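In the two assemblies presented below, chain A is common to both, partnered first by chain B and then by chain C.
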Partner chain A sequence: MRRSLSVLFRKEVADHLHSWRFNILIALIALTTLASLYTAAQTIRSVVPQADQPLGDIGLFLKLFTTTDGKLPSFVAFVGFLAPLLGLGMAFDAISSERNKGTLVRLLSQPIYRDDVILAKWFAALAVVGVFFLALGFIVMGLGLFVFGIPPTAEEVLRIVFFLLVTAVYVAVWQSLAILFSIRFRQAATSVLAGLSVWLFFSLFYPMIVNLIAPITGRGTVDDVLREIGRHQFLSRLSPVTLYEEATTILLSPDVRALGPFTLEQAIGAIPTPLPFDQSLLLIWPQIAGLVAMSVVLFGLSFVLFMRQDIRGR
Partner chain B sequence: MSAIIELRGLTKQYDTVRAVDNLTLTVYEGEVFGLLGPNGAGKTTTILMMLGLVEPTDGTARILGIDATREPLKVKQVVGYLPDDVGFYDDLTGLENLVLTARLNGQNDRDAEAAARALLRRVGLEAAADKKVGAYSRGMRQRLGLADTLIKKPKVIILDEPTLGIDPEGVREFLQLIRTLSKEEGLTVLLSSHHLHQVQAICDRVGIFVDGRLIAVGTVEELSAQIFADDRFSVEVAARPLDDRLVEALQRLPGVTRVDVRRETDGGGEAVVRATRDVAADAARAVVAAGAELRKLTRRAYGLDDIYHRYFEGRA
Partner chain C sequence: MPMPRFRPVKAVQAGPAMTAALTALLWTLFEVFSGPAFAAPAGVTFFTPYTDVAVTPGETITYSIEIKNATGEIRRMKLAAQAPSGWETNLTAGGYKIQEIAVRPNDSETVTFTVDVPLKIDKGTYRVALLADGAPVLPLFVNVTEQGTYQAELSTDQPNMEGTNKSTFNYELKLKNRTPDAQTFALRADAEAGWNVQFTVEGNDVTSVSVDPGGQKTIRVSINPPSRIEAGTYKIPVRAETKNLSAETTLEVVIRGTYGLKLTTPDEVLSTSITAGGERRVKLRVENTGSAPLAKIQLSADTPVGWDVKFDPETIDTLAPNETKDVTATIRADKKAIAGDYVVTMNARTPEAEDSAAFRVTVKTSLLWGVVAVLIIGGVLAGLYALIQRYGRR
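== the complex of A and B ==
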């Protein structure tokens, strides 16, 4: 790591930890986590008696993350909903605030590379969020131990850690978008609104639009239907929300064996056991790669935009 | 004296506006140079091009022989820049802000803090070193800004409108500080301002910059000699009565090029007599000879103010 990058990184991390904004966001997420954990602990008893398998096989620990009583969403749903908010909230004014405070020009008149400034911001926000999510996940696991009295299996721990890492990557996508907007827009309010509109678009409207332009009618031959589904899936997967949902579903529900259509032929002879971890991971590797790629592309755009910008005072 | 800042044919074109037009300028070692011009003349753009923060459309800016566009990092190692309306992190203390800058310039923590404390003492902010910058007054921020430009131990400092928004006493102290620093540390200073008196007070040489073009360079005396070639001396005469006969007599004095008269209701008035030589004594004699009462006689020296106005007069 270049020296100036590490100096800036330290400053950014300190900034986040001291800022009201970050602490409010964290408190919000910690609270919702506890709420969903509580309901999960309440309802998980209804999951267990149905199982006639050993407890380890049904992934009891994973159920902690996905179970819901129907009133409050599950932990996964909460995180999926709040992660973009966290990403946007952490970075929507990353560059514009420095510009408006007049610190950007002072910073850039020091012998540092321009990209160090945005890289430091990106890494710092990601590090802080990553550490926070890992901590949160471990707290949930710890509480799970407390509630069940059964330790998680190694595989469950792996799945949970990967789930948390994928969440961090997902946050990074939104963060890159927020940084891009903070470079493009001088006003923080404009940047927030732009970020929120993209978020609303992808989480609410985009699925509707996909249904509209690539509906699954289920009519025609098998090939027709498969083609319909293929088109539908392709379009849905252009959205980071879909990618994240698919990745977390597979990671936390080992009994889900495929994301696409499943023909009767394929089902015949298959043993209905949970997938091993490496198979699940293999299944969602493209999703993870897609999320990373989105993040990198957005960051690349910010980079190009920032390099070509004239830096002036306020 | 060796050249420290060399601008050659520097040009910046924004869409339709030519912000800086073919600027050629040399600033020498140890000099305090004032870049003088109205708002929007292109001073800030010029400065930003010297630091490689804005890319010139044409021409080169060299500082200590380093091309600012090609190697901005090297330039920024030796140039301290104080932007107008400098920004600090309000939630950090003055000391922490300086230490951050020092560390970005490659100093380690301990050296950085020692250097920062020394500079804070230097600019008179030692008492406020551990206060958050958010609580600093405008003048204090400006002095902190000066410390901030100095902490990298620069060879050149560039100050963009450094006195904007400070009270007159603060301005005097601030300029004095710059002057002292420049002389003691052998710093080359480039200072931009639209404030004539301040520039006049501390600059060795000034350049007048209007609409992206440098229209005159030199010491204040040289500039006034250049511009007021035919009327370098000016005398204000107040007399009563100031009638046409007296005005004519003043006009006939040898060397007089122009007489401007402002009459008062009691028959008296003031006349500004411009001439190529000092005509104060002759003017006094003429007034007495005309039998009028001499109320005031002031010899006026030209300052930058007049130089400045004269340029705009000529342009209008």
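== the complex of A and C ==
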């Protein structure tokens, strides 16, 4: 890493950690998720009523993330809901605030490259989010150890770590989007509104629109229904929200063997056993690739936009 | 044959002729020192009604002998028995064993004379006599009607039994001791290795048994054949032996053929993995666990829909008992199979027996799309790098 980039990177990380906004956001997420975890730990006993099933088989630690007592959403649901907010909140004014305060011109008058500035912003946001989610995940595992008194299996740890990494990538998608908006829109308010509307669009309206365009009627032959479902799935998967949901479902529920519909023919002779981790990962590899690609492409766009932008003092 | 044998002596006392006297003396001496030297007491008669009896070896004859004294004085005489060697005789009267008896004048006494006929004796007529004062006074005939033995007998009413290799065969043997002595017999069965033969007498497992003279014992024999044995008839000689006696009989065990088939793999592992749409070869082992040969063993598989299992060979023509044969099964998974475990059941069937083995087949999705996804990510990152190179350094 170039020296200027590393200096800028460290400054950005420090900025995030010292900012009220970031601290409020992570406090919000940490509190809500820990609350849901606590209720999950309270109700976890009802999840394991089958005495004939060995504990290791059902992934008790994974249940900690997905169990809900009905009043409070599960850990996964909270993270899925709040992670975009975190991404947007951290980066919606990444460039525009510097520009508005006039610090961007001053920064660029230093002997540093322009791409270092935007790279440092992106990497710093990624690093902070990654560290935060990994820390949160390990707190959860520690709590699980405390509650159950049994250690998680290596596979469970792998699954949880991958879940946290996927969450970090998901946040990165929204961060990249927010950086793009912060470059495009000079006003921070416009940027945040644009980001929020995209978030609302994908989490609330997009599923409705997909249902409207490609409804699953369940009528016709099996092939017709399969085609309908295929179209529906394809459209849904254009949304990062869907990709993230599918990835977390597969990662945290090893007994889910397929994402799409599967016919009775495929189910005959199948035994309800949990999938090994590598198979689960292979199943959602396209989703992960999609999320990574999305965030990289969005950042690439903002990079091009930033490099081409005319930067002047006020 | 009571005869007045002393008359010549009286003649000596009566006659003056010296030569006649000498002759008579010599005659007397001759009479004394040869033949039945002591004549039966005069005036005493011996009587028993049955003088010629027919018996079997080992039997005891009891004679009741009446001794009558017709003289006017008390007569005492020595009594003894004469019998072929090996025969046992006894004289009893009044509850005692006696050697001598005295009879009052004009009175009679009864003596019981018992004769034990030995077991080991030839068929024929034998002479027994009662001796009074050394002279045979009552010759008796004993007719032994059978050839006598000195031996043991081992026999069974039902020497043949049929069952499977899992059955227990229970025989009942009779061991007779035809000797005058109590005998302890060692029991032995000459079975081949793998057979288990157990002797039981009166509920106890034994290896030897003692039998009273002339008596018999019932011996139960339970035989367990080896579990892996071919159908057929097997002879098991069973012996009862003492130092100088031996009795033998042969038991016959007929093993009926059983049918058994086992399907497994050479390493007993019943799981494998397969890529969706891919093939996997599995080696199966077919074993004939029965005792009869099996013919035309058909191999088949119950598979999930769209799967296919091919066997090489598809049928096994013959399989001898305890023989194994390896078969290669090629499993082909459906292209649309989802990741995770499926059950594929392999069957081996004949009309007589069948077995199946359930395989747990773990389906793995093809790595192709994973690789494609990695390539896409790599491409996107490469694009980003190109962008930085292109627009950077400003």
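Observations
By our rule, the second predicted complex is superposed on the first by the 313 of 314 C-alpha atoms of A that agree within 3 Å, B and C clash if a C-alpha of one lies under 4 Å from a C-alpha of the other, contacts with A are read in each partner's own complex, and residues count from 1 in each chain.
Note that a residue touches a chain if its C-beta (ideal position, glycine included) is under 8 Å from a C-beta of that chain, and two chains touch if they have at least 3 such contacts.
Computed from a predicted model, the values in this text were never measured in an experiment.
When the shared chain is aligned, chain B comes close enough to touch A:G102, but chain C does not.
Legend: residue contacts after superposition of the two complexes on their common chain; A:K11 is shown touching chain B, with no touch to chain C. In the superposition on chain A, A:R3 makes contact with chain B only, while chain C stays out of contact range.
In the superposition on chain A, A:Q266 makes contact with chain C only, while chain B stays out of contact range.
Contacts of A:Y113 after superposition: both chain B and chain C are touched. In the superposition on chain A, A:Q187 contacts neither chain B nor chain C.
Counted by residues of chain A touched, the larger count belongs to C, out of chain B and chain C. Legend: residue contacts after superposition of the two complexes on their common chain; A:R257 is shown touching chain C, with no touch to chain B. Touch criterion met: A:A289 reaches chain C, while chain B stays clear of it. Touched by chain B in one complex and by chain C in the other are residues 113 of chain A.
Looking at the complex, you find that chain C touches chain A at residues 302-307, 334, 336-344, 360, 362, 364-365, 367, 369-370, 373-374, 376-377, 380-381, 383-384, 387-388, 391-394. Of all residues in chain A, those touching chain C in their complex are 113-115, 119, 257-258, 262-263, 265-266, 268-271, 273, 275-276, 279, 282-283, 285-286, 288-289, 292-293, 296-297, 299-300, 303-304, 307-308. The residues of chain B lying in touch with chain A in their complex are 44, 48, 51, 53-54, 73-74, 76-77, 79-81, 83-91, 100-101, 103-106, 148, 152, 160.
Touching chain B in their complex are the following residues of chain A: 3-4, 7-8, 11, 15, 18, 98, 101-113, 310-314.
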